[in-house]
Amino acid sequence: MNKLKSARTGGILVLMAIIAVLPLFLDNAFQFEIAILIFFNAIVCIGLNLLVGYGGQISLGHGAFVGLGAYGSAILTMQQEWDPLLSMVVAAAFTGGLCFIIARPILKLKGHYLAMATLGMGIIISIVINTEDQLTGGPDGMYVDGLSFMTDQIQWYWLIGGLLVFSVWASLNLIHSPIGRALRAVHGSEVAAEVVGVDTTQYKVLIFVVSGVFASVVGSLGVYYSNFVTPDIAGFFHSIELVVMVVFGGMASTFGAVIGAAILTILPQVLTFLHDFEHLVFGLILMLTMIFLPKGLVPTIADFFKKGDK
Amino acid sequence: MSAEFLQFLFSGVTLGATYALVGLGFSIIYNASHVINFAQGEFVMMGGMGTVFFLGLGLPMPVAILAAIALTTLFGFGLERFAIAPARGASVVTLIIITIGASIVMRGLVQVVWGKEFHAIPSFSGDEPIMIGGATILPQSLWVLGVTVLLVLALRYFFEKTIMGKAIIATSLNRDAALLMGINVRLVLFISFGLSAALGAAAGILVAPITLTNFEAGIMLGLKGFCAAILGGLGNGMGAVAGGMIVGIAEAMGAGYWISEYKDAVAFILILLVLFFKPSGLFGKTGTERV
Amino acid sequence: MSLLKVENLSIEFGGVKAIDDLTFTIEPGTIHSIIGPNGAGKTTLFNLITGVYTPTSGTVLYDDEGVTGFKPFELAARGMSRTFQNLQIFFNMTAIENVMVGAHLHLNRGFFSSFFGLPTIKEGDRHCRETCLELLDFVGLRDYADTDTDSMPYGALKRLEIARALASKPKILLLDEPAAGLNPAESREIDEVIKKVAERGITVVLVEHDMKMVMEISDHILVLDYGRKLTEGTAQEVRNNPDVIAAYLGG
């Protein structure tokens, strides 16, 4: 128990140290950009991991929730001239509300049927964003003002880095609480969870909403940071990319979600020198990793050290 | 029946036949391995692009088509042998990601070798539209429908009458029992992936003269084929065919009578509505959970 | 006054009546066994009582409240828990965490206090861990507390399910073949655990094939055959009933 607790605290400390020291090694705006992008992706993945990794559900449509946050913020600030932070909160509430409404019918489904439903939902939202161009600017996207008090990139680095640390901490809190155990129990055996008093539907809905809100907030902050949004953010590929990050890093591991996000955000950048071969090599690396480390990076490494103990 | 309605129906059944073939591919692989193959759309794309390539080499059409199907089937075999078989025992999500990886690899490969441009395949028997009841239908649509019917009949024969077909069904019902009865489960998986790839390629070749093809042409076709398979109840072959037809007709009607911009959304709206009321598809089994 | 009252209960699967017009009562503070040949409908009956299945017709009264069609978690909140014939362990958790899930209803489950890791949650968990350790001790698994369940032996997992069910503080505990697949020594241990559970004043409903165990510890036995009541009574009465002998010997 204490060992576990210290591993959690230790993990957070290591993460904080990395975020604190990293700027010393980043020497241009592009590298900061990538670091911030990693933080953004990692936060979405932490939320998604609660649903997929711990709750044992699947979502192939989470990009849509990032998109709802992004476009919600963009539309409210630019067309309604609302305050950006208020817009962010309202967009998150809207996304959370939508998740709440669709969670019951959707999460009744299991396995591949759930995959299909979440995928379909994501695609519908992305088609709406693409089509309603008077509201969203259509495929061309739209320009969005930033946060007036965020004047340069380094501030964003600290803000999103701080938010990442908070997300990791909160996610770990949640996992090691009665709610988190109930959630993992849903994954382990729904019927066994029910007979000891866990309302499994309630927890599935809860975690769907929580992961949707994580995604929405990141979407909002993302447009304030980049001042621009296109429908790709809500698309099928972004959704797939997010799930892949979670599984690559290791399901049911909060730090795995962070590491998966980091590696799969950096990898395409590293591979750009391959030009046309970039996607081919990316796909191969993805396949090989999942074939040889089917549980993902972090759990595989953790197992390795556990075996070393014995 | 108005000519307009008939027109939409023709385009709906043509689309539907394509989705049916793609959906069948999903079903066959799912039955044998419980894997949802997200590279199914890429098999479709490779059929079309492969035909373009072999035609470009100067091969006559029938030969080019057979060569493209053979090439795609090889990819199907390869996917099973080098990606799915080594990952046996991995979780469903992991297997899904492996097939997503495979789809990225196949798109990447086609893009590198054959480029990003759109290509057309000439129609099999001319482009002169045929008039039926005030509506027109392309000869290629008839090819799509006719070949789909033949393929579905051939598959029924295969699964009901041949040893290999029965072995695939036995494996899907109970893998362990099949193994104990001396069925070569590894071979069953291998054949299933090859068969699905061949079906996908056939679908891709049949529609390529109507829709054009490029390295990304399989994405939407794959997703809608997945819709068809789920709509009919995963693993139910005839269900997938019916699901494909329903999706195709709904899409054509939606585009015709509603807003054409939302054409691509119709399939997904339909699937969500169906799943909300029938969580295992229209013709899927609703089993009682055993504890 | 009876704790559980089952009246004219029936369920059909595709036209086959798995439980057919069954009526019986269970008195509080007893060990009540349900026996019968394979396929007699014992597990189905458990699934009906605990809300896993909804009956086709008939009613279940628990503590004088009509609970037909209630969800399992609603029944758990009223003091009913169970174990499973085929293990239903949370294999993604350690042994102690499995038991702590059992205590779910008795913990502070506020979202924001959990999210922000407030001291009330941590304090509650510390206390919960202690009581759950006692329960592990009670079933003889204290040494396994922080072991991942996927590396525990089968016999230990059977007992872990009992500890998990006890953590929900049930008034009535339904045990579905707790000794199935165990060797004689392990069976005796389970036997002892069941007796100790009953001594705590918990009503035990037991489905078991180990006749020696059933005859020894049951206050009352209900015999099922093809979903119907064959007979019921004390061990002595049931043992001498010619119908029971016929059903078991296939006469």
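We just call them A, B and C in the order they show up, numbering each chain from 1.
Note that a contact is a pair of C-beta atoms (placed from the backbone, for glycine too) under 8 Å apart; a residue touches a chain by one contact, two chains touch by 3 or more.
Values in this document were obtained by computation on a predicted structure and should not be read as measured data.
With centres taken as mean C-alpha coordinates, the chain found closest to the middle of all protein C-alpha atoms is A.
Distances between chain centres, each the mean of the C-alpha atoms, put B farthest from chain C. Rounded to whole angstrom units, the spacing between the C-alpha centres of chain A and chain C is 40. Our note on geometry: chain B versus chain C, Cα centroid distance of 47 Å, whole angstroms. Computed centre separation for the pair chain A/chain B is 31 angstrom, with centres defined by C-alpha atoms. Along chain B, residues 289, 291 each make contact with two or more other chains.
Chain C has residues 52, 84, 88 in contact with two or more other chains.
Multi-chain contact residues of chain A (touching two or more other chains) are listed as 191. The part of chain C that touches chain A in the complex is made up of residues 50-52, 71-73, 75-77, 80-82, 84, 88-93, 97, 100-102, 104-105, 107-109, 111, 114-117, 121, 124-125, 128-129, 146, 161, 164-165, 167-168.
Looking at the complex, you find that chain A touches chain C at residues 1, 169-170, 173-174, 176-182, 184-185, 187-189, 191-200, 206, 252. Remark: chain A residues 52, 58, 105, 108-113, 115-117, 119-121, 123-124, 127-128, 131, 191, 236, 240, 243-244, 247-248, 251, 276-284, 286-287, 290-292, 294-295 touch chain B in the complex.
Considering their complex, residues 30, 36, 83, 86-87, 89-94, 96-98, 100-109, 111-112, 219, 223, 226-227, 230, 234, 261-262, 264-265, 267-269, 271-272, 275-276, 279-281, 289, 291 of chain B touch chain A.
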